[in-house]
Amino acid sequence: MADTELQHVSRLRDLDDDALNQVLELSGRLKGRHSRGDLVGRTVGLLFFRGSLRTRASFETAVHQLGGHALNLTAMSDFWELEENEGVVMDGRAPEHIKDAATVLSRYCHALAIRPALGGSHWDSDRNDRHIKGWTRHASVPVINMESALWHPLQALADLLTLREHLGRLKKKRVAIVWVHSPTPASPAVVHSLLHAVLRSGMNVSLSHPSGYELDDEVMDEAHALSKEYGSEIDLGTPPEKAVRDAHVVYARSWQSIESYGNPTLQASQRSKHTNWRIDEKLLASSPDARLMHAMPVRRNVEITDSVLDGPRSLLYEQAANRLWSQMALLIHLLR
Amino acid sequence: MADTELQHVSRLRDLDDDALNQVLELSGRLKGRHSRGDLVGRTVGLLFFRGSLRTRASFETAVHQLGGHALNLTAMSDFWELEENEGVVMDGRAPEHIKDAATVLSRYCHALAIRPALGGSHWDSDRNDRHIKGWTRHASVPVINMESALWHPLQALADLLTLREHLGRLKKKRVAIVWVHSPTPASPAVVHSLLHAVLRSGMNVSLSHPSGYELDDEVMDEAHALSKEYGSEIDLGTPPEKAVRDAHVVYARSWQSIESYGNPTLQASQRSKHTNWRIDEKLLASSPDARLMHAMPVRRNVEITDSVLDGPRSLLYEQAANRLWSQMALLIHLLR
Amino acid sequence: MADTELQHVSRLRDLDDDALNQVLELSGRLKGRHSRGDLVGRTVGLLFFRGSLRTRASFETAVHQLGGHALNLTAMSDFWELEENEGVVMDGRAPEHIKDAATVLSRYCHALAIRPALGGSHWDSDRNDRHIKGWTRHASVPVINMESALWHPLQALADLLTLREHLGRLKKKRVAIVWVHSPTPASPAVVHSLLHAVLRSGMNVSLSHPSGYELDDEVMDEAHALSKEYGSEIDLGTPPEKAVRDAHVVYARSWQSIESYGNPTLQASQRSKHTNWRIDEKLLASSPDARLMHAMPVRRNVEITDSVLDGPRSLLYEQAANRLWSQMALLIHLLR
C-alpha cells in the first residue's frame, strides 16, 4: 500500500522548511474541528516496543478522528524479537527478520509509527537508532519515529505549534532550554529535536545544564550549522539564572548524562549534586513574561514547583494537546 | 474537549430520577438497532487498572456501535503509577500526577471510563474510592466509574433495565438479594449499587447473607434513607429460604466480608462455614415464578446449580446483554 | 446477534466447494479496493489465547477496512482461564465457564475469531481442538478458527488465493510440500489445512519430510479420501530433490514431530539430524520455474536461504498480503 512518493519521518529534518510550515499551518486549521474523513479506509500501524501514554493516546486518537484505523501492536513480548542484521543465519532467539515484518506490515498498513526499545547500555550504539533505520529501510509505507534514543520529531512538532501560537513570529525570540533534576531522566531525544526545531525557526537559544550533561556531539555540530544557516544564536553553558532572563519561553527537561550513559550508579551519584536544578518562582522572577514548557510527564516539586506549573506561565497542557492536532496534520501530509 | 454541562457518574445517584428514567427508556429504544452515529468523531478513553471481560467488551462495543472511538488504555504497568496526593514532592516511584494525566487525557478524549485497582488491604481506605475521585476532580470531561470498591453503577443500570423488561412496573415488587458462596468473592460494589437502585425504583428488598457479611455502614444508612424517601421496604437478616419466598427476582452474589477484608486466611475460614449458601431448585421451590439474576462471572454448581442457570428462570444472559444497550444510552446521555 | 444461518469455520472443509470458490473470487475482486461498508455497525471479537502478528494485524485490518469494529481481547491472563467441562463443580481456578463466556460475547459481537492456546504435551489431546469446539458449541454467532493445533483454515484460504493468482487453473498442477529445519517448529496445522485445500483443488501433491515427521493419521486418511474424490494424487516419502523436480510450487514448512510431541529433549535430538533440510538455490536448480511459498515467520538461512527468499521465485509477501483480502471475503461471506 505504498504511496507514490514515499517519505519517512525519523527526525524533524525529514520535513523541509516548506513541508514543516504547511504541517504547522494545517495543525492550526484542524484545531477544534472533528470528523474529517482524510484517513477513511486507511490503517496506521502503531508499534510500541516501549510503553507510552501521551504518544499512544494522542496518536491513536489522531488516526481515528480522521476516520482511519489505528492498528495497535504492543510489541513488548518475546514474540517480537526481530533480527536486524542482514545475511545472518537465524538460529537464535529472533523468529523473524525486521525486513519481513516491515514488508508484511506495509501490505496491511498505510503508515507505520514506531517507538523503539532503547538498549540503555551504550550511547555510541543507541545513538545510531538502528531499529528505526531498519524499519525505514524495509517498509514500503511512511515510517514515523515515535521517539528513539536520538530524536522525538512528534514532540518537536507540537512544541513548534505551541511556540507559534503563543509568540507569533518566532524569529529572534529567545528560548531557554534548562536541564532540571529528576530521579528518572529521559534520553536527550526531546531536547535534540527541540534544539534543531527552534534554530530552524530563527529563535535564539540559551542551553543551560550542569557540566557533564552536554548533548550528543553530532547533534551539536548540526545545531551550529543550522544556527549559521538560519541566523539564529546558540548560547551554551549559561547558568539558569542568566539563561531565563529575558527569555520568552523557558523549556525544562531532565535528560541523562551521555558521559555516564548505561551506568546507573554513576548517573545517580552525578545527579545527586544537581538536585537544586528546579524551576520555581524565584528562578523565573527576572522574567515576568516568560512562559514555561515541558514535554511531560513531569515530577511536580522536583522538576518544577506546583506554583509555576499551575500558574499562568504554564503552557504544558497546551503543548500536550497540540500533540493531537500536529499529528493529525502530519498524517494528512504523509498520506493524502 | 469539555462539554458545557459536565457530569460524572461515579455512582448511580449521580443520575437523578429523571435522568435515570431517560437513560433506561433510551436503552430500550436502542435495543437491536445499530449504526447510530451519535458518537461520530468522539473518543472515549477506557482506563483499566484492573482486568475485565464483560465491561471492556460491552463498553468498547457500545462506543463503536455509536460510531465513536474507544481508546483502550490497559493501565496495569508500572508506567501507570499515578501520584494522587496534592502538593507532594514527587521523588518516589510515580512519574506522573493524576492531575496531569487527567487533564491531558481530557484534551484527547470526550469522556473517560475508569476501572480503578483495589488496594485490597483496608476497607476503610478502599471504600473512599480515592482513585475515581482523583479522576473526577481533575478531568474536564465526564468520568464514568467502571466498578470501584464501593460502586458499580454500570451494572446497576443494566440490572434495572432487565428488571423493568421482565417485571414491568417495579413499585412494590420484591427482590431477594442472596449472598452465595464462592472461593473468589468480589467486593460488595455490585450489591451496593443494586440495593440503592431497586430502592429508588420502589421495590421491596430482602437482603440475605450469613452473619459477618453485612454491607458497608454508610451505604446501609443511605439505603434506609432511600427506603423512606421512595416508600420501599428493606428486610435484613432474613434466611435465604424465607427471603426467596414470593420474591419476583432472586439476585445472587458472592461478596467479601468487610469485617475480615484484607485478611485472606480469615476470609477463607469464614467462607468455609457457608459453602451451603448456593442457589438450587430446592431453595427456589417455594417461589415458582421467581426469576434469577447474577452479574457474572458465575461459578457453576458453586454459586448456582446448572439446572437453575440453564433453566427458564435465568435472566443472566439478558442482564449481560443489557450492559451493551444501557451503556450506549448512558454515553448518548452524557455526550450528546 | 446471531444471523439466520449460523456457520462456523473451524476448518476449511466447513466451506463447501461452492462457498470456497465464491470466497476466493470475492477476495480477488476486493484486492486494492477500500472503504467497503459491508461490516458497518458490526463488531468482530478477536480472542487471542496465544500471540500472533500476521493474523492479528491482517484480521483486525480486514474488519476495519470493511467499516466494522474489531474488539481485540488479548486473552492471555489468569482472568481468562475458562472451564470447558460440562457439569463440573467450579471450585477450582477457572472463574467462568466457556459456555457463559461464549454466550455473552455472542450478545456483543457478530462473529468471534479464536486463536486457542495449545496444551503442547499430548498430541492425542491437542488434536481434538477442544477449545475451538467449546466456542462453536456455545456461541450463537459464527466462530472462526485463527489456528488451532490441527487446522489453520485462514492460512489455507490465503494460500489457495495465491496459488490461483500465480498458476491460474490448479487442476493437475503440482505442489511439493517440503519439511524444513527450524529450532522452533510449529504444529502441523498449516500443512494439514494446506494439504486438504490443494487436494480439493485437484492439485497433485508431493509430501517430503524426514522419517518421524508424518502428519496426523486421521488427517492423512481424509487426505486419501479427498484425493480419490477430486482425482488428485498424493505422493508420500519422496526425498526433497525428487519432490521439487517439476513442481509448480514448493511450499516450505517446519513442523514438530507428532511422535515426540510434548518431549522437547527428544524433539531437539530428532531435529538435530535434519539440519540440512533447507530450501536453497541448489535444491531448486532442477525446477527453474517453481515458485516458493511459506506461511511465515521464516528463519532466514535456516529454513530458506536469503537468495531464494529475496529472489524472483518467492511468493511469501504475496501470500501474507492475501491474508487480508481472503479474510475480508470470508467475513463478508459469513456476515452478509
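To keep things simple, chains are lettered A, B and C as they appear, and every chain counts its residues starting from 1.
The rule is simple: contacts are C-beta pairs under 8 Å (C-beta built on N, C-alpha and C of every residue); 3 or more make two chains touch, one makes a residue touch a chain.
On a predicted model such as this, the values are computed, not experimentally measured, just so you know.
Summary of the copy comparison: rotating chain A onto chain B for the best CA superposition needs 120 degrees, to the nearest 5.
Both copies, chain B and chain C, contribute mostly unmatched positions to the interface they share, with under half of the numbers common to the two. For the pair chain B and chain C, the distance between mean C-alpha positions equals 41 Å. Contacts with at least two other chains are made by residues 72 of chain A. The touching residues of chain A, when paired with chain B in their complex, are 34-35, 51, 53-54, 56-58, 60-61, 64-65, 72, 183-184, 296-302, 306, 316-317, 320-321, 324.
On the chain B side of its complex with chain A, the touching residues are 40-43, 45, 69, 71-73, 77, 79-80, 83, 87-91, 95-97, 100-101, 103-105, 107-109.
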